[in-house]
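Chain naming follows the written order as A, B and C, and within any one chain the residues start at number 1.
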């Protein structure tokens, strides 16, 4: 089990990203023991939500979590989210405003409600939080303020940069297609994979003269994605970030040169999680090379082996049907950045199977 | 090399729903038309023994048998146990949401082969000591053997008696010589659930039943599998 | 126990028993039989409440009568199982990631459900040939299936067996569609909405 050491100092900023090969979660210390959690994944070593286990291990009390954000509805970003919402009852919960529309709520209900048991973990998690904690659930979109406070002598503001109005319109229409309309015709076998990730919530966290940018899984899609954000006067007016959670696991579709030139300082710290889903593996070698071209200070939460864990007999049995059997989550790890007032740069700590990119 | 003292030779699973059913409506074609089974299953059912009537419907496919009586629905695994049994029962209940349900049985069984004859007899003697019977019937003239033993396990400590309530949750565990495995023991765990239907309108019980099956089938299977195996271990250990 | 129990040890069903088969036989039903709670009986349970002739009994009682006629007063000889004996070795729940028609394979994420220690999720490529023809239309990204690997004994021989069975959920009914839209409307009305927009 990973030893994370102690909690940050009262005036110390922190961003920690957790991820096995499939899953992503972020914990951010805003100062004075106020925490922001973004997304959720399960630590395969103990089957707990990674951020909850992290906070417990460094001794953070429950009321310290002020905000939980679900940046994205896909399974790899929300596993254990409902457990977080239950565990931190005083935290406000923010979700993509797309799911504040009736058509998208019907989509959630169709694929996670009582009539659709165990069909989709992603929709189930999000639907469970909205139903159980309705009064403290708030939608987030371009220009929404998620959190604001004066902490440790600094003005801390968390803003949502996305989804943009154009993205929201497209997503709502897209989700509406999958809401069953005809009785006796549409089977209920599984939740469709609705792409692309235009409903993602990108967060900008400003701490006085510094900032962190969390890119979620947003992709470059003209006025629905990074193109619009990186040209938006609203986004450009905000503090450039010195730490960046790379969008969409470092993929090319999640990248845009304007992110690095317009929204980030030169050579920022970049953190990311990998994504292993069948033959789809992110970041690719080309992705790594591209990101390294922007900054040498790039780290990834997991770089471990994907060899099967089965015993010889179990592997022989499974191999009757299964070819190319590999572990789905190669290895769990975390990258932690901390910075105190007056520090020149963020300090980097690697846990588990995290490594330099 | 240590030889294992027992092995699981076969296992099976069934789901029983007690309630009110119209057997004639649950035909293979009806299930297929609503997406619950495939056309191959319908063909298989029609090639084997099939009864569809208002008092009894029964048919079998390659992977399950279905029996419906006016007060009971039973789905049994045939060959490999598969969670598709759970999906089928949940699907039927979701299509008949007004079905009054009294209770559910999630049942699992296994046939164990006991490697050594001495362990086989030790198991039987531990379960039902023969000494008590041979005091009544002389072993010189009679042979006493166990047909089967059923024990009910209820939550809560009530050492004086077992409570047979209409709305109670419990497990009945049956152990008996296997009819199919030489030197074998058959164990069955009947996981009975009905407490959640107390104080619920009959017309509202089917969705509850569907959710119980969906939420509990896997854990019931896992627990039954480990309990059955542990029971055998306990009975043959010294 | 007074009720007749058919356990998995027995052949589970009588063969096409009809009232005509039993009409000529009168079976004296034990008057001690009482209604029993059906859930005591894990497989096929039969209840008979009154002592009466067979001509006018329901098929429910026909099944009881069958077993009374066949095995009324002596220890029954349990008939052998007609299906092969199957012992599960591994059970996985899989999700289709992608389908490659050129190689006739599909990629899947596999979540262990039984027989795998440690229970770590894996990914694999599986030939489409393993999917039954009735399930072939179900092989789509996101679809869920069960992969069972077992050992089967039949007629004295032991062989490995494996099956893939795709999850099937029933089609939406009009009532379910109405309920989900109603639930969505209700949730929409209760959600607080945007808290604060930046100026």
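We take it that a contact is a pair of C-beta atoms (placed from the backbone, for glycine too) under 8 Å apart; a residue touches a chain by one contact, two chains touch by 3 or more.
Note that the coordinates shown come from a computational prediction; the quantities given were computed from them, not determined experimentally.
Novice: Just by CA atoms, which chain is the most central one?
Specialist: C
Novice: Could you work out which chain's C-alpha centre is the most distant one from the centre of chain B?
Specialist: If we average the C-alpha coordinates per chain, A ends up farthest from chain B.
Novice: Chain B to chain C: how many Å between their CA centres?
Specialist: 11
Novice: Round to the nearest whole Å and give the separation of the Cα centres of chain A and chain C.
Specialist: Centres of chain A and chain C (C-alpha means) sit 39 Å apart.
Novice: Per the centroid of Cα atoms for each chain, what is the distance between chain A and chain B, given in Å?
Specialist: Taking the average C-alpha coordinate of chain A and of chain B, the gap between them is 44 Å.
Novice: Using the touch definition from the top, which residues of chain A touch two or more other chains?
Specialist: 115, 184, 187
Novice: Give me the residues of chain B that touch two or more other chains.
Specialist: 34-35, 94
Novice: Which residues does chain C have that touch at least 2 chains other than itself?
Specialist: 167-171, 173, 176
Novice: Would you tell me which residues of chain B are touching chain C in their complex?
Specialist: Chain B reaches chain C through residues 8-12, 14, 16, 18, 34-41, 49, 51, 53, 55-56, 58, 63, 65, 67, 69-72, 74, 76, 78-84, 87-88, 91, 94-95, 97, 102-105, 107, 109-111, 147, 164, 166, 172, 174, 176, 178-181, 186, 188, 190, 192, 194, 218, 221-222, 225.
Novice: What residues of chain C sit close enough to touch chain A in their complex?
Specialist: Of all residues in chain C, those touching chain A are 89-90, 92, 95, 97-98, 105, 107-110, 115-118, 120-127, 130, 138, 141-144, 147, 149, 160, 162, 164, 166-174, 176-177, 179-181, 183-185, 187-188, 190-198.
Novice: Using the touch rule from the top, collect the residues of chain C that touch chain B in their complex.
Specialist: By the definition above, chain C touches chain B via 7-10, 12-13, 15-16, 37-45, 58-60, 63, 75, 78-81, 83-88, 91, 93, 113-114, 132-135, 146, 148, 150, 152-153, 161, 163, 165, 167-171, 173, 175-176.
Novice: Please name which positions on chain A make contact with chain C in the complex.
Specialist: Within the complex, chain A touches chain C at residues 22, 44, 92, 97, 100-103, 105-106, 108-110, 113, 115-116, 119-120, 130-131, 134-139, 141, 143-145, 148, 159, 179-193, 234, 276-280, 308-311, 314, 317-318, 320-329.
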